[in-house]
Structures are given as structure tokens and as C-alpha cells.
């Protein structure tokens, strides 16, 4: 027992190894000796792009057990060469931080607080409101009789932080709906 | 650039290490200035005068790259004889109609032809300014514009330019901008010395140039300089827009914008065009690549309406809703305030903080029936009904606000597949790393499933208005636990398919007979060869410095646009040092470091036949292939609503009188007449002295836009934890502001408070014999998040650039006084006292 | 230590910038922020300096008293030492950020660390002093008691002085620059407190050596402290400022008064001995607190850090 | 001396402040990687520096110095430290970090062995060992290490020990956009520093100097070398720091003398025999 335990006592190691002053290896704990960057044990490393400004820095997203464990610059990127600014460096906190909203919140007209609402219910309610608004505000022709085929009761703002595919579907669906008031930060 | 795009700035630092001179022009001494070789403090809102001074310097000293200018720009083109310049009309160009506050642009045209623009407003003469887009031209065959390659003709663009800018002397630059002549000369000389065959110079800008009532003309002035110096289409040259959001370029290319369809095809205008053929006739160009516009449009319609789109029904062209005026966000805002808008969607945007005149936005949202907010966090725009500043002032009462609000949590970029288009037009795919938690979903999911629900609800409808929705191709495969639609499938649709359903390799394969489909023609080729080109991540160090195998740039993976101009007219590089793309006679092709932005097999000596169309109508020596005349435009005969040449106007709100003309501000600027949008009087108007200081806004490195992605993160919030204003020691002394104390900044819209940072980094300037003080405001704060503060955008009114409807928030006037702002209703009383006194005095 | 940490090419400092226009008397700082960190030690540490010193000196006093044939004095001193070694570890552990990890102190023996050395000393001294006192009271195992007493008595002076090394082996100027004097201040203070405590607990008839230890220690403390402050010069300013100044003045006053009372009247008047002893004990406590608080003031103002270092560089040329 | 025999060269930083843009990516990257908590949100008005100094919760700290320029006639306080009228205004930025000293005072005084020299000759606190005795805090001549109030243990830059172990560079150096922070063998870093000094001096940058280079000085050389554009104290750095443990012999010598004096005084009290 003692023979087994004694070598784990740094003082004993001080006496038996070159580190007599106990300033180096003798003082190292087993945890320190076995330390590894957590990224080295990631299940997967996913190629990504920084979501902040438009420089488009490459990111590596490290995943373990279905969770993002780190986000770092991608050294392979010829744009960013592995670097990230403070915002890009904060990406892990952005995507995993406690500030993120994870549940639908609903505010009834005139209410003073949020309520809970299921996602399905919210989607259904939104679909109903879109159709009702469209019905109520539909314009077929202008005063001169030119076709308009549109609704001015619906508007949308945003897209500069979205994916191209998302912007594409929004533009496609809104246009098919006859909603033309679609805008984003590019105007601003 | 170091402030807002630090990682991009690494290339500036590297260039500097290799000997480049870095010049930073900014009202403030920023983190960029700290490393720049030269910092030029400038009065906010005076850049055209500064750049115009450089144009004058180039022209009066003949420092232009003459061979490039003659061959590649419209310098030699001769203008109509009825064009009259601002220099002769005291600040107005010919064609001004004071009743409509707009120009008739016919007198701006080339002699002998009417040219359409490659981008911008192309149908000005016949319709409202909203029919924007990238358009065609009106070059009648056999009738090319008259040219004088000696540049001596008095009406050639070169001479017009020279006369126009001759007044922009170093002395005028000093008078307008507050930049001393020695400093100005240093900048002008450095630019000229670093341009030509052997060297190139680049401009970088951000919203410091766009957010003005003359924003487009700012960039135009830079374009003139770069064309005169031969810095367009060449490595190390260009004008770089440093855009601020991950995919703001993408959301312009595939526009969530009212006036465009994907690929800069204009939205059809109700009054401007009749049917499909009329639309195509008036938008397609006989010359340049816009000559294929009908193929791009038909392929788009096929992508959207599939089998329902046939030649017989004009490919469902009538399914497209029509615009009839300005429906931009600020127009929508007014309509919302007037109760005309019922439902509003916010996708990752926070107008309560991020848009000018935030108060107006919050008041307007209180008039909505319903609001859907999709964001990562509980942003100010989602909670205006309970904690907006207007609740505190008593202007809004929660119980009175009938707006129904849905806050739907969004998925982060790590939780979805998709592409961002960054600021150099590079599409980069990001892979999903993990599933989103809870109710978090991607906007792809939201839009797809919303569309699915709408279609389900309308199924069986025989109302013609529902046909576009029911006929829509909306059958994307879904995957995973949340039935996430496949972003890959969407990208394939964007790339386009041929008649066999195979992916096309580029926009050259698109046809206007309905045999091809393509969701965005400029993105066509992003999935060439069945490979997601945007997902390519070949390490940069394993390829050439152009790194063509990282991601995919539109169009056709070209990294520098108009790069034919990097070779001389004969196709030889201008110099060995600056070689980029050149004609390889042996192969009979253009070749080089990049994909040539030119028909690959069109030799330099190609001359078009009289009946040639589209790109075949341009000669082998005309690099600007999107332009009707194949040339870079020093002078813009068509496409802009506020003048063919940039000219200095004061900002809409300015304490300084325009020393050049009686015309104080851009005559064509758009104004919003609304009580919530009162304006400060400008110099020369009664009460102007109530707002004696210039105010400008900007970003800080530590924060992002309206703060939704930074004020809520502790590691960023701690770095800039409070709203502050930057003032010079002199202004602080003048107003009694105390360093680290509080200041209240007041405009006609509202008053906000900020901590006071007294710093020499924002120096007062001498302008027209008087001292002009500037107040600097970061605009990241709002009422929610880990760190909160007043929003700088609340101070600004809506005065817009008439070409693009972008608001002027980079230069306005204000007052500043020590202490915190009043609370409650007293805040409005303070502001009203300013407005009233301003009007009276 | 031989060349400047900062150097220009060819060892010539480039002083074309602000450096050249700033008079050397002017100290430049970063927003007047401290260069050094304030100690995180709380009251337990100066209290331990006192109790440890008291226990150490008392153990020596006790050992000598027994050998010198002063059984009552020896007993009192042993009891005082016992009290000291009971309280001391509690104080030390209480000050730890992670008290449950107190035993990590015995993980290594690090000769470069005065705290490590002190811990091991205390680890031997504490049980020795404790055993010495307890065995003596019980009368058990006299040989073992003697051994324990001898060990404790021998380590006593180390206990009393190593804490001075502990504070001096820091970057805090007022501590580090006093490294030659502080051990004497602490030794004197420990002796004064041990003598005073023993005087209190011993009949006047047997307390002569204790009074002499108290007076000698107090004089040593006063003298060493004065030398320290004089030699510190400007660096010693914290001893005149704020609470450190108050503690310092109180220490001098108490110790001087106590010395006078014991030295002049302690032998004859019990009351003088008692009051004098109390004053010496108070003086000893105040002295430790003066040193302790002066460290905070010294660390807080960058002028104490930058000024002497800049002068040092300039003297080197 | 430290008991490693694997031939691993000493690793270190070279922080080139002449290209620092003060973006604070290093501060954030460090915190994200090492899970360092935020500081209280407090605006200082000290230029753009709101983290103020290195500490338990700030292992990289960017200093901002506004110096020179036109002095103002008024007495208005400002973020700028006005030096003289004829000097160009400068905004200096510098990312400070633990110096990983050769003779590391924090390590030398640490009684538990929590602080130790790694195989990379960096100085690391072992969080599983530290018991929060606090001795390292006043020992550090640079004011780097501090005890975290919420936690009771001492914390500072580990030079990303865990990353180094798998051949990765530290998070701050990886993130740094302009290569102001460089990482490599100390030999390479020192050479790079000397090269950069030559360049910067040739460019006429007044006040340029190296800090922490070479094996001499009060800590026998640092594992973090800096190129500064002004005197160290302007950045909040000690101009001539000394590790207390460099004076151990004289420290113990004085203590021994004092101990002997004490013993002598006690012994003397029993000489003469007066009661």
C-alpha cells in the first residue's frame, strides 16, 4: 500500500528524481500530467463560417456528445488564416450561452407579460394571421387598372444574418403570397 | 477597418509590412488610425469634397493612367450638348423639376445613344425611381456613342469631369472638410504615386460612406478616382465594401429586398411595364451580359413555378406581385405608423435599436395587429410593448398596445446547413454541427413549414390569387428530428437545372425557352458538376494566392470582377508585377490567376459585327462586360437619380453652410414628413444654432450591430459595458462636460444620455474659419441584455439617399449638454422645447 | 539584474519619444493603476504572525527557563506556546481560499518558499510544543517531554522570524526592501510578546528573565523598526499613511510605554509589570498590523513600484 | 532542474505591440477556451480599456494609451495623458499576459506545488492542487496572478497548457488577427522580437524597445517577450521587476541572524540570575 502510494507523494518524488526543489515534474499532479485540449477529443470537427460580420472568417466547430464544446478559427481559410476577432472568438458563448431563448414566447394583445405557447400552435396561429391579413388587405388592381396582385398588410425585415437558402425561401414564399414589403439590413 | 473588420485588417497590416502606405480618413482617430501611416480627420459628411479634391488633383496634374482611361473608361465619350453642370446652375444639374423634386435625366445622356446602367435605377425617364435593378441599355445598333480619344473635345467626359471638379482645390477641401492642404497633398500624392502599371491602390469603405443622403455619390467619387488611376479590375486595386453582416451580400444577391428579384433582376413595376415581353424588352440589354436577361428571368420563374410555368402563360410572369413606388423599410414604417400594415416579421433584425429613429419604429410596431420576431435572444424589438423608452415617457401604455407578439427562438449557424455570402461575393457553406435545442429552429424550417401550412390551408382553393402559392415548387426533402428542409436541395435549386434535371454548370447554360430553371442566375454554377462548390475548403496554403478552391464566388467563381482590365488592350499584363489575367494567344484563351471575367475565347482584337448581341456585341478590348458600352463609367448617363456626377452637398442636417452652391443639400434626397420625424434646422435656417455640433455614429470592435449578438454575451459585454459619447477636450470645455460623467445628446427626435469619454481622438476641425466640433456615438446599446444604454439611432431622423433609400446616420447635427437626460414625460418636454425654440429663433 | 529588461538596439535606449521629454522625477503610470496586486490575506495572517511569533519565542523561553531552574516560568511559557500552536493552524487554514485543501501544504517541500519551509517547521514545532506542554502537565514520559521541549525550543526562533522572510519574499516594495530589517522587527516583537505574556502568567518572583526578554525584545523591535523605516526612505512612506500609519504609531507608543513600565517598575510593582506586559503585547500586535497594512498601501500606489525601478535603471545607465 | 528529460524546448510568446489593433480577440479567445468568468461590468473611461489589468478573471489584458498630441489649455480631464505639445498623438495598444518567468516568484513561493514548471518551461497553476493560500499574489512582480473571489483559488495564464500538450498553439495567439501575438519556441520568439525591433526602429518609431528578452534581469528572463513603443510603465508594466526569491540567501541570512539574536536574547535573560 505505502509502496504504491508513496511515489504519488510529490515529496517522495523530490527525493527520488532530479526535481529536488519540487518546482517541476515532481509537483505535477496526475490531472495535469494527463491534460489534453478538449478539442483533441471531439467527436467531430465541423467546418463553419463566422456569423458576425461579412469578412467570412472560417470557423471550426468542435462537437462532443451532441454539444458544441468549442468554436475556433479555421487555419485553412485563405480569408482568415485561423484568426477571429473578439466577436468571432465569442461564438461559443453566442451559440451555447444562457442568454439564448429556447422556448416560444407569446404576448396576447394588451397583455403585460409573456405566455408559453407550443411551437406547433404558434406556427398554426401565424399561418392563420398571414392568410387573414392577406385576405383583408389584398390589392388586385391599381386605380389605372394595372394588375398589382399583392398585399400591403404584410411586411418583413431581416435577412442579412440569414443563410442564402433562407433568404431564397423567404423571397420565394413572400412573392408567391403577394407580399412585397420585404427588406433587410442591406437597405440600412 | 481595424475597428469593425479586424480579421480583414490583417491583410492591410501585411500590405503595410510589404511597403504599402495606409491612409485612414475618419472623423475619429480609431484603432485603424493607430496603425495607419496617415490619419486624416475629416468633417463627417464632407467626403465628396475630399475625394473630389483628389479627382481634381489627378486631372489638373495629369496623373491619370491615360492608356487605361482612354481604353477602358468612358472618358472619351461625348455628351449631349444640352447637359448643364452644377457649376453653372448653382448646385443643380440640368433637368431638375422643383415640383416633383426629381430630375429628367435625358440631358445627361451620351451624344448618339442612351445607355442603360449595369446597376441602379434604369427606368428613370419613364417611371418612378423604384424600378431598380441591374438593367439593360438602349444602345441602338450602328449608332455607338461619339468618342474623342484625344480627350480634347469640350463635351467629352474627360473635359466635363475636369471642369466639374476644377473648383475642388485643396483650399476648398480645407474649407469644406477641415483637412489642411499639406495633409491633403500627402494623401493625393500617395494615391497617385501608388497607381499605374506597376502599382495599384485600393479603397475600403463601410457604412461611413453609404449612410448619407448622398451615399451613392460618395462611392461614385471613389470609382472615378479608381478608374482614372487604373485601379479597377486589377490585383491590389478596387473599391472594397466592408459589409457588416455575415450574409448581407447574399441577402442583396438573393434579395430580401422589395425592389429586386434574385440576381438583380428588377421587381416588375405596375405602371412601368405591361406584360412579360414588354418587361423583357425594357430591361434586357442588347449589349453586355444583361443581353441574356430573359433567360435569367424565365429560369427563375421555372424554378419557382415549375411545370405551371409555360411559354403559353409567360412562365407565370403574372404571378409576380407588382410594386408601384417606394416600398422600402422606411416607407413601410410610415405606413405601419398610419395603421396600414397588419403583420410584421423580423428575421434576426432589431429595428428598435438598429434603425434610424428607433422611437418611430417602436411607436409603429405598437400599431401592428401582430408581430413575429425570430431571433436568438429576447431583443428590444420583441419587448417594446413592455419596456421601450416610450413606456417610460408615457407615450405608450402596455395595456393600450394591441399588438400580438410571437417570439420564436432561432437556430444558430452551428445548428443548420447553409451558405453565407461574404463581402467579396464568396459563398461559403457552413455545416450543421448539432441539432437546435427546444423550440429553436432555422429560418429555413420556419419559412418552409409556414409555406406548407399556408398551402395546406388553401388547398382546393379556386381563387386565382392563391394560384401562385399552390403552384409554387415547395417540395423540399426534410430530414432529422425536426423535419428540417434540406438546405442542400435549396442550393441546388438556386444553382439551376437543365431540361434533363441535371445541375447546370453556370449561367451561360440558362435559356429563355423554359428548358432550364435557376433560382438565382448569378449563383448559377455554385453546384456545378454536382459538387457543392461553396463547401470547398481546400486549405489556403495548398493553393495559389487567389485560393480559387475555397468556397465559390459569384459570378462563375471570379474573385476579381472586370479582371480583363488587369491586362492592357492587347491582352498583355500591364506589368509583370501586377499580372493577373491575360490573353494566351497559343491557347486562344484568356488565362491567369483567376477565372477571366470575360468571354474566355474572345480575343483582344475581336470587333463585334453590327448585328451582334449581348456580350458578343462588346469588343475584345472592353472589359466592363456588364455595361452597355463595355466601359467603366466616370460619368453616369443613366442609373442615378441625383446626378451623373458626384458633387458636394451638405448633409440634410448640418451646422455648416455649403460653400460651393446655394443648394445646401442633395436636392433629390428623400424626406419623411411625419411628426415623429421632425428635422433639425440646418445652417442658414432659423434655429440652426440650437444644434451646433456634428454627430456621427459607428461600431466598436467589441460589439455587433444592434447588440443582439454581443450585449447578451458576457465575454463581449464586459469589454464595452456602457453607452458613451466621444468628445474632444475643447468641446468638453465649451459645454462643461466632465470626463467619465454623463452627457445628454439632443436632436429634434429625442434626447439620449451617454457617459462622457473626453479624448483627443475626436479632434475639432477648422471649417470656413470656425471651429466645428463633432460628437461620436457608438450605436450598439438598447434597453435589454447584460449591458444596457440609450440607443444612438433614436437621435437620427429619416433623410434618405434617393437612389437606394438608405438613411443618413453618419452625419447630422445635435446639441450636447452635461448631465443625464430627464426621465418620464419630461424627456419629451425637453425635446419639444428644442424643436419649438429651434423654429422660433 | 545586470542589464535593463528593456533595451534598444546596441543597448542604447531609444528615448526619442515621450521617454525623453519626461523628467526622471516624474513617474509615468498606466492610469495610476497599481502595477502589483494587493495581497489577498485577511486579518488571520497578521494575527498568525503574532501568535506564531509568540509561540516560538515562548517555546524558547520555556526551554531555557526549565534549564535555568525557573519551573513556574517554564510552565507558563509552555502553556503560552501551547496556546499559540493551537490557534495558529486554525488561523492559517481559515485564511485559505480552499480551507479543505490545507493538507496540500504538505504535498511538497519547497525550499524556495518561505511558506513551505514555515509549514514544515510548524508541522514539527507545533506537535513538539504541544507535546512538551501537555506531557509536562500530565507528568508522563519525561524524556519524551524533554525531547519535545528541546525541539520546540530550538525551532522557536525560526517560528518567530520566518514570517518576516515570508512577507519580505514578495514584490511589495515596503516589504521586500525591508528584507534585512524585518526579521529583526519580528524577532524583537516575538520576544517582547513572549516575555510580556510570561510576565503576566508568572509570579513576579520568578518572572525576572521574562521581563528581561520582554524589554530586550521590545528594544530590538523598536530599534529594528526605526532602522527599517529610515532605510526604506520614500519607500517607507506607507508606515506614515492611513491605517498603517496609525498601527505603526500605536505599535511604537505601546511598545515604548510597555518597555518603560516593565524596565523601570516591573520588578517591584506587579501593576507596572501587568500593564507594561499588556502594552507590549498590544504593541506587538500593532507592529504586525502596521507591517501588514503597509504592504497594501505600498502595492496600491504604482509610484512605489515604478519610481525605484526606474531609478535603478538610470543608475545602471 | 525541473525533472523533464524529453528535450522539449522552452515555449513562449512574442507580443508585438506595434501591430496590435486593440481588438481584444485575445481576451475573449482566452476566456472562451479556459472558461474564465467575466469581470463586473464597469465602464472606466480609461480609453477603451474596461478590464483594467491582468487578474484572476483576465489572463490577457489589452492596454490602451492615448498619448501626445496637442495639450489643451483647459483643465478638462480626459482619457488622454497629455505629454507635450509638439509630439504626435499616438494611440498605443498592447496585449499583456503572464511573463512565464525563468525565475518565477509565484512558483517559488507556492507552498503546495500548485504552481509548477511544465515541460514547456511555462508556469502553470494546477487547479486541482491550489488551496488558495494567496502567497503568489503579492509575490508576482508584474501583478499578474490573483485569487478569484468566487472560487478561492489563484488563477492566471496557463499558456494554454492543455493545448500545448496536443501540439496546439494558445488560444490568444491563434485568434490574434494581426499576428501581434506570436507563439513558438522562446528562441524563435526572441529572434523574431529582435528582427521586429530593427524594423520598427528603422521606421523611426520613437520609444521602441524590447521587454522581457534575454536571460538576464530580475526574473532571469521571461517566457513572454514584448516589443513596446514606449517605456514599460506607460503600459502598466514594471520597468525593472525582480522576483523576491532572487534574494532568498539574504532573506534567510537576515532571518538566521535575527533568530540567533532572539535565541541569544532569551539565553542572556537567564544569565546573571536576578529574579
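Every chain is named by a letter (A, B, C and D) in the order it is written, and numbering of its residues begins at 1.
Operating definition for what follows: a residue touches a chain if its C-beta (ideal position, glycine included) is under 8 Å from a C-beta of that chain, and two chains touch if they have at least 3 such contacts.
Keep in mind that what you see is a predicted model, and the values were worked out from it rather than measured.
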{"item": "Third chains touching both chain B and chain A", "value": "D"}
{"item": "Middle chain, criterion being Cα centroid separation", "value": "A"}
{"item": "B-D or A-C - the one linked by more C-beta pairs in contact", "value": "B-D"}
{"item": "Approximate Å spacing (C-alpha centroids) for the pair chain B, chain C", "value": "70"}
{"item": "Approximate Å spacing (C-alpha centroids) for the pair chain A, chain C", "value": "56"}
{"item": "Rounded Å distance, chain B centre to chain D centre (Cα mean)", "value": "45"}
{"item": "Whole-Å gap separating chain A and chain D, where each centre is the average of the chain's CA atoms", "value": "34"}
{"item": "Junction residues of chain C, two or more chains touched", "value": "107-108, 110, 112"}
{"item": "Overlap residues in chain A, where contacts from two or more other chains coincide", "value": "10, 21-23, 26-27, 71, 75, 83-90, 93"}
{"item": "Touching two or more other chains - residues of chain B", "value": "6-7, 10, 701-702, 714-716, 719, 786"}
{"item": "Chain-chain contacts as defined at top", "value": "A-B, A-C, A-D, B-D, C-D"}
{"item": "Touch list for chain A against partner chain B, complex", "value": "44, 46-59, 61, 63, 66-68, 71, 74-81, 83-91, 93-95, 97, 99-114, 117, 119, 122-131, 133, 136-138, 140, 142, 144, 146-150, 152-173, 175-188"}
{"item": "Partner chain A, residues of chain C touching it in the complex", "value": "106-112"}
{"item": "Chain A residues touching chain C - in the complex, by the definition given at the top", "value": "9-11, 14, 21-23, 26-27"}
{"item": "Residue numbers on chain B that touch chain D, as the complex places them", "value": "2, 6-7, 9-10, 13, 29, 31-35, 700-702, 714-722, 724, 729-730, 732-733, 737-740, 755-761, 786-787"}
{"item": "Parts of chain A lying in touch with chain D, wherever the complex brings them together", "value": "10, 13, 17-19, 21-29, 31-32, 35-40, 70-73, 75, 82-90, 92-93"}
